[in-house]
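Every chain is named by a letter (A, B, C and D) in the order it is written, and numbering of its residues begins at 1.
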Amino acid sequence: MTAFVIRRLLQSAVVVFVMSLIVFFGVNVVGDPVDMLINPEADQEDIERAIRALGLDRPIGEQYFYFVKGALSGDFGRSFIFGEPALKLVLQRMPATFELAFTALVMAIVFGIPLGLYAGLRPNALSSKTIMAGSILGFSLPTFWVGLMLIMVFAVMLGWLPATGRGEVATILGISSSLFTLDGLSHILLPAFNLALLKISLVIRLTRAGTREAIYQDYIKFARAKGLSENRIIFVHLLKNILIPVVTVLGLEFGNLVAFSVVTETIFAWPGMGKLLIDSIQQLDRPVIVAYLIVIVLLFVLINLIVDVLYSVLDPRVRIGESQT
Amino acid sequence: MTTTANQDPEIAPTELAGQFQSPFRRFVSDFFESWVATVAFALFLVIVFGALFAPLISPQDPYDLAQVDVMESRLPPGSMSYQGYTFLLGTDGAGRDLFSAILYGLRISLSVGVVSGIIAMIIGSSVGLTAAYCGGRVEALIMRIVDLQLSFPAILIALMLLAVFGKGVDKIMIALVTVQWAYYARTVRSTAIVERQKEYVEAARCLGLSHKRVLFHHILPNCLAPLIVVVTVQTAHAIALEATLSFLGVGLPQTEPSLGLLISNGFEYMLSGRYWISFFPGIALLLTIVSINLVGDQLRDVLNPRLQR
Amino acid sequence: MTDQVPTLEVVDLATHFFTKAGIVKAVDGVSFSVGAGEVVGLVGESGSGKTVTGFSIVGLVDPPGKVVSGSIRLKGEDLVHANAERLREIRGNQVAMIFQDPMMTLNPVLRIDTQMIEAVRAHRELNRAAAREIARNALGQVGIPSPNERLKAYPHQLSGGMRQRVAIAIAFVNKPDLIIADEPTTALDVTIQAQIIHEAQTLCRQTGTALIWITHDLAVVAGLADRICVMYAGRIVEAGPSDDVLDRPMHPYTAGLIGSVPTHNKRGERLRQIPGMTPSLLNLPPGCAFRSRCANAQSNCQQTPDETTPFDGRRLRCHHPMTAIERQP
Amino acid sequence: MTAMIETHDLSKDFVKKLDFAGKIATHLGADLHEQVVRAVDRVHLGVEKGEVVGLVGESGCGKSTLGRMVAGILAPTLGHVLFNGEDYAELSGPQARRAQLAVQMIFQDPYASLNPRHRVETIVGEAPLVHGLASKSGLADYVDDILKRVGLDPECKRRYPHQFSGGQRQRLGIARALAVKPDFLVCDEAIAALDVSIQAQVLNLFMDLREEFDLTYLFISHDLSVVEHISDRVVIMYLGRVVEVAPTEVLFEQPNHPYAAALLAEIPRLDQRKRQFKPIEGEIPSPIHPPSGCHFHPRCPHAFARCQSEVPALQKIAPGRYAACHLNDEPTPKNE
């Protein structure tokens, strides 16, 4: 277990290092850093000063050093548009994105696992085939287009739910979230469902495939031969086996949801990090882009780490296997 | 329960004849056993055909300014044009016939998706095969890079690249290839590793066949099945991803109106109830992706060695 | 013969698989019975229907398979028409099973104690501690050292032989009337196989449990079984007391099978092989399924032979049984 | 006279190295080690021309690994394999190829050992064509001839492996090996995966081919009755080491090594009825942590102090008989 965690930590460190190199070279070498990091409206003297301040006249190795140093102290420069520190802007938007991604994840679990289990247990039933057809559709539907259609149907045509914004936010236990107010809930429903659709399909397919495979395993048959009730066989023997991969994948998918919220947030004007990123790309607000990328890289590394450890805790074969050998 | 040919040579050599089928023909007949897959495959052919021959089929060249009239903008489906043909799917904000625009858009979407898919496949499978063949440090290094890349979602990497490079057909193809090659590399490598350990490879080596021959003549053909499945899935992904990026305004420029851009352009009319400008290009995109995914799904079943008799 | 009701009586059992390609008659008219404390060897090659017979008894045939006719009586109780709940009560309580591959039969993510305790509690109203105590004793009985620690282990921490012992302990834990062992030693090494057979043999003798030992290995049942049923293509072609069947086989298939096994006195000679292959059970034509491989086959073998009783305790399905002269090598 | 195949001090280690993280973890006090599994441990083995040598042992004893080294598929960690007195490792060019082709292998799994994408004619004909044993024009006849000799109809050569049953596939595997005109066949559990009645067919085929092609066999199996049936001499392995070598009849009459004795006592036999199985105690130890001294001592009913500390050497106990057991040095008789 120790070696396992150390291995993962080392790998994470390498990932962060490599990604910082890529972002650095992307911004400072491939593009023109003067264009990218300095407000285009500055005059010549300002530019000269900024170049010196940013160390752009120094050798490349030294530049990277300053980049890392700045990044470590949380300094990615100020946004051209808002005039505020870029990192602060990104972090401010983070709770809204997390809230959206979290809600979508819950939806994926709540819809995906039961439907997948059902379809796996009765593969030939018409209802199961419908579920699977639906999951292929959910897999194929382009997220952004579904978002538009959701707005058109539920906001424009039916007028049931609001189309844009985050709605009212309440603070409970120091966490402010729109999940705590009715208005907020009505606002989050459409975007969260939009974001969750792909994941619901994914979870259905994963759960079904796991069920189909497990159901023919000898241990299930042996459990039947022991005379266990069908409920115990399904909810203990089967589910415990298939949940290990599903939980692992879902953990990794949380990061994916955060990344994909870029699309959903743009459509539903959800004030999260993703919308900030797209706005910044379109307005060439480079410091914010850099800050976003670094934050998201760290986030992913963290998620991967947690999921790996979680997996090894869930699966006794990994948990105990390592310490024994 | 095995239901394979069970006759003995010493008894009835000719009885086998009726069951003779090459793997390819068996594959084809297995594939078309499912009517869903058959319909999907036909639909995909129709879509490709429509995209290829767009100039011949479409009533108007939507990007020839002489043929487009702004006065005819935002007409609902079924309206008549001044030229006397019907706007089957209505017109967009600039007065273009949507049906024609979709056919032209399909051309761009499909070609960007397919071409970048092929490039990614070539790069990815060579890298994967190299990894499996070399082993040791080369393999470890390659697979680390692959793992690293696969731990980040495709859209994020694409956004990162496009944020640095800017818009353009070449740029988005670079982004799509960068995003996809790792999937191919991983698939080919893992299959090749499994195949490499099988006894028929040991037998080939025992027979004194060269490494090259074993790799290309024995291992590679056995890696094709999973590769084909990944090709379909990834092509569908590439098309969807390009559309998404273009919709976000970071993918293709306005001069290359793919389906994603068409949908994006219709976004502003959505709230005023003019649904068709976004709706129909979306349906076209959906049908393309669904048909490819359904074909891929059936391929997965047919080519799955565990389900093979 | 006694007038006592046998532990298990199977009459004319037929289990068919309805596949897309056609009907597979995996079991087609099988009859046999097992008395209390008796060990019956069910012998056959792959595809002979021996495993399906075992699963049919406990109602665990997977779709598209189905018991289509015949009767199965456990101490007189009809199992073919028993409802699902009754079958569940019987499984693991009155009839237990041991499977072939010990690496696959235990659930990899549940501890041994969970898997044993649930087997006890599925059939008896006991609290956890009492059930655990029973489980611990059962492990001790099959010769597992330090059962307390083993209870806390996960299956992957045990060797194959150990896991098969656990499976046997689970099978015996509710003191069943009958145990069906489906090739339980095929996946194991010779010395471990001997251990497993030893445990099963000893426990059966102690508890008076009847045992059906399904195997392809004639030599194993020779040393273990009281009676032998030889299966071929879904039918029992010959049955009788072990010594009798092995020393004086009457069905040409049985004789061929015995001739195929290498033994001391045949060292270095060509074995008496059976020509040809086991037939596919898919759309098997009527008649004796063995006729295409049989030296004695004649035109009337196109008709399915009925079961005959050439003498007491011996049953046979053959138009042209082997004579004593033919049996000489 | 030199043996056709000889192995000197042949060993194979499988190493699972510690990675960087593992090394750090050991510094932090974790109990991790580089795992070295000695699958084959200093094996001396000789097979004379025309002989059939049976190699017997339970899972993990290294018999397959030994077979693969003899067949030249695996490179030894230590020691040498000699073919007609010449070291594999020192041969090169045409001689190396000659030696490689002269020793062929028959595999256990009739499904995995044939390339599913090749037709029969390619499976059998590829190597002869590549090595110039058959000309392009003569290849068809060449393949037909070999198929006939293993009891397959040449008509079937356009087919793929999936169209054959297990027994037929095994014949195909034999045909593939015979196609390069070998002198020596390593049969690794070649009939273990087959049905009893088919086993007898293939076993007979092996015996026929031995006569017809003047072949020499190393016959690897866990099934003692099969080995007894076909072999002239038997080699018994336990956890990587040879424990006994003896002519078949002598061995089955009176085994010397306690492990050999236990093994022989426990094979189920057709002529032993209603017996009481009395197995030897204990599990086969993991090859990762083999017991000290004689590997068999924890299970051996005759073990004494020396067996725990000292590895018994394989020594001659009678003409043509070798055993690795300390009991042979002890003046005291075995306490039966």
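We adopt the following convention: a residue touches a chain if its C-beta (ideal position, glycine included) is under 8 Å from a C-beta of that chain, and two chains touch if they have at least 3 such contacts.
Here the structure is a predicted model, which means the values were calculated and not measured.
Relative to subunit D, the most remote chain by averaged C-alpha coordinates is A. Two chain pairs, B-D and C-D, are compared here, and C-D has more C-beta pairs in contact (counted per touch definition above).
With centres taken as mean Cα positions, subunit D sits 48 Å from subunit B. If you average the Cα atoms of subunit A and of subunit C, the two centres end up 53 Å apart. As a whole-number value, the distance joining the C-alpha centres of subunit C and subunit D reads 32 Å. Across the assembly, subunit B contributes 2, 4-8, 10 as residues in contact with two or more other chains. Counting partner chains per residue, subunit C has residues 46, 275, 277-278 touching two or more of them.
Shared contact sites, meaning residues of subunit D that touch two or more other chains, fall at 165, 167-168. Residues 2, 4-10, 13-14, 16, 19-20, 22-23, 198-200, 202-209, 213, 217-218, 221-222, 308-309 of subunit B touch subunit D in their complex. The part of subunit A that touches subunit B in the complex is made up of residues 14-15, 18, 22-23, 26-27, 30-31, 136-137, 139-145, 148-149, 151-152, 156-157, 163, 252, 255-256, 259-260, 262-263, 266-267, 277-278, 281-282, 289, 293, 296-297, 300, 304. Subunit C contributes residues 58, 60, 62, 88-93, 96-97, 99-101, 104-111, 118-119, 122-123, 154, 156-157, 167, 170 to its touches with subunit A in the complex.
Remark: subunit A residues 216-219, 221-230, 232, 236-237, 240-241, 244, 315-317, 320-321, 324 touch subunit C in the complex. Touching subunit A in their complex are the following residues of subunit B: 144, 148, 151-153, 155-156, 159-165, 236, 240, 243-244, 247-250, 260, 263, 266-267, 270-271, 273, 275, 278-279, 282, 285-286, 289-290, 293-294, 297.
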